[in-house]
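Some structures to go through are shown next.
First chain A sits with chain B, and in the next complex the same chain sits with chain C.
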Partner chain A sequence: MKKWMKSLTAVMVAVSLIGGASSAVEAKSNLKGNIVINGSSALLPFTLQAASEFKKENPKVKISASAAGSITGPQSVRKGIADIGAVDWDASKNVPGFNKFDGLVANPVAVTVFTAVANPNVGVNSLTTKQLQDIFSGKVTNWKEVGGSDAKIVVVNRKFGSGTRVNFQQKALDGKEFMNKGDNYKEVGSSGDMKTTIETTPNAIGYIDLPYVTSKMKALSINGVAPTEKNVLNGSYKVWGIGYYMTKGQPTGATKAFIEYIQSSKFQNGSLKKLKFIPLSAVK
Partner chain B sequence: MIDMNPSTNSKAPAELGQSFGKTSGSKFDRKARLRWSNQLFRMICIGSALFVCLVLLCILVLMLRTGVLTFSNVSLTEFFFSTNWDPENEHYGALTFILGTLALTSLTMLISIPISVIIAVFLAEMTPKWLRNLLRPVLDLLVGIPSVVYGFLGLTLLIPWLRNLSGHDLADGLLAASIVLTIMVLPTISRISDDAISAVPNKYRDAAYALGANRFQTVFRVVLPAARSGIMYAVILGMARAIGETMAVVMVIGNTAQLPNSLFTPTAVLTSNIVMQISSVEFDSTWNYGLYMMGFILLAISLLMIVAVRILQKKGGRYS
Partner chain C sequence: MKKAFVVSMVAAVVGTSVVSAVSAAPAVKPAAAAAQVQNSSFTINGSTVVVRSMVKKGETLVSLRDVIKATGAQAEVHSGTTTITLNGHTVVLKANSTQMMVDGVKSTLAQPVTNVSGTSYVALRPLVSGLGGTIARRAGVLEISTVPLLEGAENPRFAGAGKLIVSKSDENGRTDYLVDTTSGKFELLLTTSGGSDLVVAPSGNQAAYTDAEGAVYVLDLNSKASRQITNDNSIKPELVWSADGSAIYFLQGDKGTVIAKLSLADGSIAKLVEDKVDYKENLSVSADGKKFIYTVTTLGTVTSDTTNIDEDNVSIDFSSNQQQIFSFNIDGSKPEAVKLTTTSDDKVFVLSTDGLKAYYVSVPSTDDQATLLSVDASQKAANVFADYDVEQAILSGGVLYVLAAQDDSNSVIYSIDTATGKQTKLYTVSADVSAITVAGSQIAIIENGRVLVNAGDSWRAVTK
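What follows is the complex of A and B.
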């Protein structure tokens, strides 16, 4: 009886000491908080990079970022699960297929370039808009019909709610519908899954944003134009979009500081550019 | 001498009946305390049992109540008998997923039960002791491996291998998923079956050998029937894990809402479809309600399967 009383008191003293100590440090540190980020997996590479840099400067701020497709972002912000919802379109406005999210503020953070990608064993390097439409609607099913070798095309699609899917459909396929059935058709949940699937599946075609393109897959040119930063800036490559961080009302505290850090020219022209995103200022 | 007895009796109050028989007059004496603590413990036990039932009931009611809202926009026949799941264009047929879950679970059990029972027989009946002591912990460790690891291995190793083997361009589908699930449930089923077989008394084996049975006959005619209820229990646990498994399945099933025409065609099951879509749908939409309904169906299927196995077990029990 007395023993546990003693240990309890000890614990309470310890807790109050730690609490006192931390509140003393808190007075010195200007920023403290917890930021939960969910949403677009296309934007995840720079979100993670920014989070690790930001945490170094503000050790009191905790950031946890995950991604399950763009639409999850604004939805988890609205439900109060996340502070920031990363999304590949402006979710405060109506876009085809998705209603606007009232009460959420869109903070632009980066320009994302999307590209059609194929497994390296595919002999095709460039496709026209019409050919892409035919492939992704299931009309063309063999690579030889678009100038490749005689092999069935494996179409890998992102699931409904993906911002990459929305952007690719609007800008690369001119709004044409995707197929949704077939022996050689599958859907994946995130950009990371798309990357793994394209890398490991012969004859596969899919689409992804530039930061995910590796040497184990090949980025296809559209109408002869390669998906590069230069071609986006000179206006010849159209398949790109602005990525947004959605917040409930105007951002405050640590969330505001984090978004400002990403929007700062230091991050935009440094790490962001290195990851193959394009700084916001470059396209405006 | 005779008058010693009452005094010795009164000096042994530790006997329950004795101490209960008398009260010392104070309100909080031993008798009252005992009764009070007994009552309290009983209430805690009953409360815990009720709590578990309440949780189950709450889950069932919540899933059903939200799920039923589906049917204000979708007819029962469309939901249960149509294979057209295309919520973007208002088609809500969930038959593909229901059949998919049933097919996947049966296929998994079909592959895993024989293998794991053979493993269990090997472990319990034939292995030398040192190997058994090595293998049992290994199987226990296998149970603890997170499912996402199995899914990842399935995606990166199994699927390319199946692709080469079958000649299909995309080998995602029921076979890949059931192989991954089989590997996942094997340790569970074989370890518990192993315990059940080991628990069969040695006199059964001795009697069988004495009657002239060989080892094969002893194992399959005497030991396995005697261990039947334990093996059934193992199967229930394995099946429950297979039905509800999500992460490993979602990585290898292909996630396409279509009835597969082969074991290598991408398809979807209840769990994989729910986890792929639940985060992407609006809260107050038929689509969301449909997913809740699918969750309820999943729950109902697993409960029904468990009940069915229990009934089978009772029937089988009569012969053993």
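What follows is the complex of A and C.
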């Protein structure tokens, strides 16, 4: 009897979640389960924040997170070792460099703004699309060629499989290829490593998502437009993308409830925005 | 389940109100129809009001005129028919009749509208209910509320005596309201988009928040005026007031790496803990501001080879993926993080009074019940509350309050004195209660999305 009651309550919670995430937020939860999340390091800060908030309302749901670049997200879900694959593009569709992941469903969770960043010692605040293409392809190698000081440019790239890399290549470089070797070329495995490398390497240029920008680096304008939420919303800044949680089929149980928590107005306009992401509803 | 309980409780209170309604004065007039009119004290919408009342066949009848006056309802009388309107509800009564119309629907009163010395008396409960109000009882006095309650509010926090802050979110952002816990009246406090929750100061007179850029403000809860303390735009995931209300401690950065202190006097920020350890959460600060308790989350380790994407050469090692509790004493001879826990259980509701000893709800990975534990630098966890499955633990004034599931129908609320360890069972509530909030002697619960405040021997809904 007790068990029946518990399962009935669980079903009721599930039904109320379908009815509307906002009304379910403070409904009594008997949700149980284990959610494993892997993938994008760009999306990690709000994933962890949401996990912390969600667990206070659903203490019996265990959430384990890791991040090693977007592509490992849908790979982990397809392989069956993660419930959610966090990725900076819609991995249920083909994108340049990556085939679609059949059977995976893309659940949108946030808007991410990407920006070119440089070590603060670089005497440049803005670059054109052409200058960025030339720098990241290795054609331009000295800051003085783009109006800066006479110093060799250190290009810091994300490893293949990074969603930040996919978005930056598509939207900041108009699809132009990156250089991939040389004395002044480095590759890093995560947004955190990019942050540290840009902060500590003089004359370095790279790219990162906005929440990772610190006072120890410079976020560069592109074609004179600064990477701000305001400029994304007014349409003048183009280097942004939607982050997705990929699931094997439609999400169910605790995974579904967690995704709905992240998509709720409360989280989107609260913690998500506080962490300098843009709510999904803002760009619809 | 609980809803029915509340309704029947209200019914019971009204049913017995005759006996316990406080009599403020002896009968004022001789009974006209074997009923005695007396002056009774009620609390109507937060104010003490003397209402002429009488008891007829066990039911309390009240002076229509007195209730109309006290609630601010509108009334029109035409040839023996009185039409009363309040907050969109309409009640129509006829002199000497048991017929009543509520919002156009006919109903029958047990006792007819009774005229005594030119004053109409009508049954209290149907009248209040017809006007959309509620009745509860506190310390023997009936409390009547006809104030329209705020709907769908969340996250109640006490803000001084008799006030709660609650919030509502929609796609435009979050709106905070200040709710009077006696009358249920509410007023707009703050509208924000991307700001943090309001964190109430120990005094209850102020609340702190960050805007979407990270700037910190302090809101005066009396004047409703906000004052910017700093425009520093670093991400501040958690704000914690100092015990004396002169500073706000916060975690800094998108990964909560740094523990910093913001002085309210001059807006200066001092970084107190910069150990480069990411993913700190659940910050507690000791009264002297020198010792901290927090959790650190370690991520799973991923190994991958992206040479051939289709092969899914990826593996995740979650053996080190755990949340552990640390303390940090910046005043010690060797300021460093001290690990308090090493276990793999989930740790939620991490609390501390002194920055040295932590309390937390341990959720095992098995189906076993969650328990409230304490732990210190000895790393030996001790049971604090393990009688029932713990759902929430909070700390107020050195006292822990626990919400725990007793069985499928009932939950219990306990208080535990952190100094003596003394446990007191405070209330048995419905299993539908999802959370509690406490400040001193004030306690509120959330039940099926409604906030109810404890009012002696009953729970009064202050939102709906």
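Please note the rule applied: the second predicted complex is superposed on the first by the 255 of 284 C-alpha atoms of A that agree within 3 Å, B and C clash if a C-alpha of one lies under 4 Å from a C-alpha of the other, contacts with A are read in each partner's own complex, and residues count from 1 in each chain.
One rule holds in what follows: contacts are C-beta pairs under 8 Å (C-beta built on N, C-alpha and C of every residue); 3 or more make two chains touch, one makes a residue touch a chain.
Computed from a predicted model, the values in this text were never measured in an experiment.
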Clash-or-fit label for the pair chain B, chain C on chain A: clash
First, second, both or neither for A:Gly161, with chain B first and chain C second: both
Of chain B and chain C, the chain that contacts the larger number of chain A residues: C
Chain B versus chain C as contact partner of A:Thr201, first or second or both or neither: first
Partner chain in contact with A:Asn234 - chain B first, chain C second, else both or neither: neither
First (chain B), second (chain C), both or neither touched by A:Tyr185: first
First, second, both or neither for A:Asn94, with chain B first and chain C second: neither
Which of chain B and chain C A:Lys276 touches, first, second, both or neither: second
Which superposed partner A:Gln75 touches (first chain B, second chain C, both, neither): both
Partner chain(s) touched by A:Pro211 [first = chain B, second = chain C, both, neither]: second
Clash-bearing segment of chain B, relative to chain C, as chosen among 22-30, 274-282 or 310-318: 274-282
Footprint overlap on chain A, comparing chain B with chain C: 68-69, 71-72, 75-76, 79, 99, 159-161
Interface residues, chain A side, partner chain B - complex: 68-69, 71-72, 75-76, 79, 97, 99, 151-152, 154, 159-161, 180-189, 193, 196-197, 200-204
Partner chain A, residues of chain C touching it in the complex: 152, 154-155, 169-174, 193-197, 210, 212, 214, 234-237, 253-255, 278-279, 281-282, 297, 299-302, 304, 306, 309-310, 312-316, 318, 321, 346, 348-349, 361, 363, 365, 370, 391-392, 407-408, 431-435, 446, 448-449
Touching residues on chain B, where the partner in the complex is chain A: 86-88, 155-156, 159-160, 163, 168-170, 172, 250-251, 254-258, 261-262, 265-266, 276-277, 279-283
Residues of chain A that touch chain C when the two form their complex: 2, 5-6, 22-23, 25-29, 34, 36, 38, 44-45, 48-49, 52, 55-57, 59-60, 62, 64-69, 71-72, 75-76, 78-79, 81-82, 98-99, 159-161, 192, 211-212, 214-215, 264-266, 268-271, 273-276, 279, 281
